[in-house]
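Per-chain residue numbering starts at 1, and chain names A, B, C, D, E and F are given in the order in which the chains are listed.
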Amino acid sequence: MFGFGQPKLSSEEKIAAVENEIKVMTEMQTRMAKICSQKCLDRTYREGELSKGEASCLDRCSVKFFEAHTTISEQLQKEQAAKGGMMGR
Amino acid sequence: MFGFGQPKLSSEEKIAAVENEIKVMTEMQTRMAKICSQKCLDRTYREGELSKGEASCLDRCSVKFFEAHTTISEQLQKEQAAKGGMMGR
Amino acid sequence: MFGFGQPKLSSEEKIAAVENEIKVMTEMQTRMAKICSQKCLDRTYREGELSKGEASCLDRCSVKFFEAHTTISEQLQKEQAAKGGMMGR
Amino acid sequence: MDGLTNSEQQILADRIQKWQMKQFMGIFGNLVDSCFTSCVDDFQSKALSGRETGCLSRCVSKWMATNERMGERFAELNAAEMERQQRGGR
Amino acid sequence: MDGLTNSEQQILADRIQKWQMKQFMGIFGNLVDSCFTSCVDDFQSKALSGRETGCLSRCVSKWMATNERMGERFAELNAAEMERQQRGGR
Amino acid sequence: MDGLTNSEQQILADRIQKWQMKQFMGIFGNLVDSCFTSCVDDFQSKALSGRETGCLSRCVSKWMATNERMGERFAELNAAEMERQQRGGR
């Protein structure tokens, strides 16, 4: 997603790259669970299990969230490139 | 709450354990203040002091929050133990 | 804002002071953008550009936010000084 | 874990585990806050009622089920994305 | 500070103080955000009105009173819980 | 960058850049969360609709415009405040 794979990294750099990738992915998963819970779960908690409707809402939400993530990431990169610089802020 | 007290810790480990305990407790207190403020305070801020009703709501909220914290912590530990592993995520 | 400028700092201390100042300012700017977006932007996103109304709302909001920040910071310092101690929590 | 030696993998695993401990405290805190906010609204008494305790318990169960499900979905989506990138998408 | 030597306690105190400084920036930021959100809603003008300034000031006062009260309650609850655990509850 | 030597400025710049990378991940995450929350509400299908994709895109554009504008305003306000303090306000 944030493509590394450049040549001749030191051992520490290789570890740090994978470490960072794992953290980024884990954080994305945590946010996805949070946002999709807000979209899909009944907050009265009359049931402790996911209903069928909630489960399939979560599944679809995860696909859409992932897609939105990719889309937004690409748009930002394009707009940054167009401006020819780092983050506009 | 997250029980240490195991034998023969190094000096650094002993410090880190207490340090961690203090941080965990401080963060819990900060969250408790935030959540109970949301539950109990009138947000129009016509008064700068706590009204009697707000103060007793905060007191009760703190007891309930603490109890909820303990209850949820125990439930998670039980369910984790039942699955025989670390955190299900 | 959180005035340093004391005599005879080591090189590391001087760097850390400026580093901290930059971080504090950047975080304040990020929070300001977030809060003022909530106050001023139409969340239906029918337009990708800022409308005139949104733009001038953001401008005014930024001035008010900055002023509120300063005001609250001064009040806290005063009340802390009156109590003669660090943070009351 | 592309191309890491055994000892590098060990270092990585240790760091990730340490990081996860810290993350977990935050995630646990959010869980308590969220379930408490949804389930507890009566501050006339200072003990949790049976209804509130039940609600908290179901809230936690549902959260665990949600997390598990989302973890599986995320792994699938991530694997598909990796493959897409390796085939030269992007 | 169970069983720490004097010098260990000093190291601990230094670390906690450093940490608290950083925490405080976040807590202060949340306070500003929350009081601003509650008190300021008119963006026709660009100076805080008297009403808004007053509201902000009361909001801060109330926050301080709340924090103080919650700190006391938390200490009591924590002490009770410690005792319970030492008597072999849990 | 008051009174830092060249090499000190270099150290500072490196640290700030590293910190910004980390900050950016969080800011990007908040952007995704906020635009997704505003734009996506239909979970009958599992592909983003054209309407949703368009909304996300405009949401991002508006966010960038907002950030840029707020950055300018902030710099102005900060400069004015600095000056005020140097003239001996506070």
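The rule we apply is simple: contacts are C-beta pairs under 8 Å (C-beta built on N, C-alpha and C of every residue); 3 or more make two chains touch, one makes a residue touch a chain.
In this text the structure is predicted, and so the values were computed from the model without any measurement.
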- So the chain most remote from chain A by C-alpha centre is E
- Task: With chain centres defined as mean CA positions, report which chain is farthest from chain C.
- Result: D
- Quick one: report the Å distance separating chain B from chain F, using the average Cα coordinate of each chain. 31
- Message: Rounded to a whole Å, what is the gap between the Cα centroids of chain C and chain F?
- Response: 13
- Message: Centroid of chain B to centroid of chain C, CA atoms only: how many Å?
- Response: 28
- Message: If a residue has to touch 2 or more other chains to count, which residues of chain F qualify?
- Response: 20, 27, 35, 39, 57, 60-61, 67, 70-71
- Item | Touching two or more other chains - residues of chain B | 28-30, 33-34, 59, 63, 89
- Query: Where on chain E does chain B make contact in their complex?
  - Reply: 1-5, 8, 11-12, 15-16, 19-20, 23, 27, 30, 35, 38-39, 55, 57-63, 65-67, 69-71, 73-74, 77-78, 81, 85
- Message: Per the contact definition, I'd like the list of chain A residues that touch chain F in the complex.
- Response: 24, 27-28, 31, 34-35, 38-40, 56-57, 59-61, 63-65, 67-69, 71-73, 75-76, 79, 87-89
- Message: Applying the document's contact rule, which stretches of chain B touch chain E when the two form their complex?
- Response: 1, 3, 11, 14-15, 18-19, 22-23, 25-26, 28-30, 32-34, 36-37, 41, 43-50, 55, 58-59, 62-63, 66, 70
- Query: Any idea which chain D residues touch chain B in the complex?
  - Reply: 20, 24-25, 27-29, 31-33, 35-37, 39-41, 43-48, 52-53, 56-57, 60-61, 64, 67-68, 70-71
